[in-house]
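Please find the structures below.
Each of the two complexes below includes subunit A, the first together with subunit B, the second together with subunit C.
This part shows the complex of A and B:
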């Protein structure tokens, strides 16, 4: 899932300082699961904004809504009329949701209320960790299921580097060295041979280096 | 001969090789390099010029190498993968060789978090293993990474790599060394040896695999000036092994500098006796003036004629 984190309240307040009526647009998808962008988060943020604005003597009207997903036309279309009545939309979806709004409902400006962080999952209650960087050419097959691109601070293909120590990454003792994990898993699978091959340089065209990426699913195109 | 560098000649002649570090300044003063080069002139088989070490911005290793060459000192140019993509690396390799470089040390590079621009984006388009293979391809196959031919003046470099016997996972460190040899490393510099027991255990595995016959291994050694330096390395530098006895010894030393030199001299004697070690690489972090003193006292001077 996509994991995002709320922007600091001051930054949000500054970004909407010119508006008296906004829509606070949550999302029922990934960001609801990671607590940053669901209807509950929207309720909390709305009351924080109202309180702060009241203190400033500049009251604000907020319409809250939570479509099932902000990243699909069919779920946001029904909000068309409400949008016409506000000056701005504060979106607490991921960056994809914000852009879906901007492009599909351009009647009002959409401003991001979250910082979209990564693709990952909750490894324990209320702790999400990054797992995939969408590199476009998955290598999990030979790494024993651990991603060196999203999880190694140097994106090494022939790790671990000389800073790997006690299973931790040289960059931060709170981060596991993914190359230690790769090594241990392959050892367990009796596949350490996977690591004796010199892995060649990656073709980064599959990643974010060749302009916007698109996928066309031919079979579904009727 | 792959490069006909002095280092290559010394090693292939079976002599015990000596290289030492030369750190470029955090400014554009060529005199700093010239002064440091004087400490090394005639005393080492290669002056290893660091490439923005610990991710702190310094004069380019290639520019500093060119200045060292003008002083008669043969450089080992360091090249890290942190700051350049494959286009810039290959371009810089051509440039370094055009300026007279004959040795290149390939490293991943310390993460930018440790330097003075932690906000920087890192590159790591290729990693150190892929860099070694790329340099070998340029030299031996006369091809760029893309496969495009280098029609003439291919870069004739003696290819170096690093390995850290003290990092984890311990057993894999030998496999990784073998991998670097397969990728094309001609010589290896190790991380600073303070823990001679662990180093010896690693070398035993290296010898068992016969890897010392396929690559020249230079043991990295760092003379320290104070116990603080040891504490720092123990606590702040990942993948370092510093025995407690050493810390105690430096702590109780009346003259810490002299003690640091003595420890280094003892280490030189010890690594000399470890099977498979072909030489040493001195890394007197910011204390280049001590290099000739240590080499003199270790009876490693004068350097052999090759």
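This part shows the complex of A and C:
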């Protein structure tokens, strides 16, 4: 799922300093699960904003709402009337949600309240780690299910660098060396031969390096 | 500042802290009239948003009082409350409100004297800090 982190409060306060009435739009999808952008996070952020503005002597009215998913226009359409009554929308959805708002309801100024981080997996309750970089050409088939693109700092394709030590990455000792994980997993699967194949440079055109990507599913189009 | 009367909200669990507050009354102990007690089944039911809303509505301090650690009637509700109080301290600090305005205490039902001391301590702390919203219009604490 998409994992996001709230922007620093000072940055949020600065971005809404000119407004007296805003909508704080949460999202009931991924960011609810990672605690950064659900209705509960919206309540806490609204409370912080109101307190900060009260301290400044500049009261602010905040309408809170949480569409099922902010990244789909069907869910934000029903909030159209409320949006027209506010000066700006502070969105605590991922970047897709913010852009859905900007494109579908351009009459509202939509300001991001989160920094969208990565596609990740909860390794334990309330702790997420990056797992997929959306590179567009999955290599998990020959790496034993561990992604060297999302999890290797250098995105290496042919084994670890010299910074791998005791299974840890030189960038941070709390980060596991994914090439150690790949090696151990392939050994367990009796597929170490996968590592004897020299992999050529990755074609990054399938990633974000060749412009915006689109996927069309013809059969389902109306 | 001499006419400042702090408003303190206390979230007390039914089994220990509220019983301690009750005992303080039964013992005729004197403590400042600044505290408003909210009785709860367990401090584990107090969410960060409850504590934040109290500050938003103009309270000068909040304390959460639960059972002694390891003796929660619901096993670990008071430990959850402890984490949430720490979280609210961080949220308040971000806003520029002194984190000392919120504290977690653990009491047994026999600690009526300690309850009175806690109210005294919190009142002194807040009296030194002054109102949460200095200069701004004071609003009543809505409960």
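What we mean here is this: the second predicted complex is superposed on the first by the 221 of 222 C-alpha atoms of A that agree within 3 Å, B and C clash if a C-alpha of one lies under 4 Å from a C-alpha of the other, contacts with A are read in each partner's own complex, and residues count from 1 in each chain.
Definition applied: a contact is a pair of C-beta atoms (placed from the backbone, for glycine too) under 8 Å apart; a residue touches a chain by one contact, two chains touch by 3 or more.
No experiment lies behind these values; they were computed from the predicted model shown.
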Would you sort A:5 into first (subunit B), second (subunit C), both or neither based on which partner it touches? neither
For the three-chain arrangement built by superposition, which of subunit B and subunit C touches the greater number of subunit A residues? B
With both complexes overlaid on chain A, does A:40 touch subunit B (first), subunit C (second), both or neither? second
Does the superposition put A:54 against subunit B (first), subunit C (second), both, or neither? second
Just subunit B (first), just subunit C (second), both, or neither: which does A:153 touch? first
Partner chain(s) touched by A:130 [first = subunit B, second = subunit C, both, neither]: neither
Residues on subunit A engaged by subunit C in the complex (per definition of touch): 8-9, 40, 43-44, 47-48, 50-52, 54-55, 57
Contact residues on subunit B for subunit A in the complex? 81-82, 86, 108-111, 113, 122, 124-130, 133-134, 145, 162-164, 167-169, 172, 175-176, 178-179, 182-183, 191, 238-239
Subunit C to subunit A touching residues, read off their complex: 47-49, 52-53, 55-56, 91-92, 94-97, 133-136
Within the complex, which stretch of subunit A touches subunit B? 153-172, 177, 180, 183-184, 192, 195-196, 198-201, 204
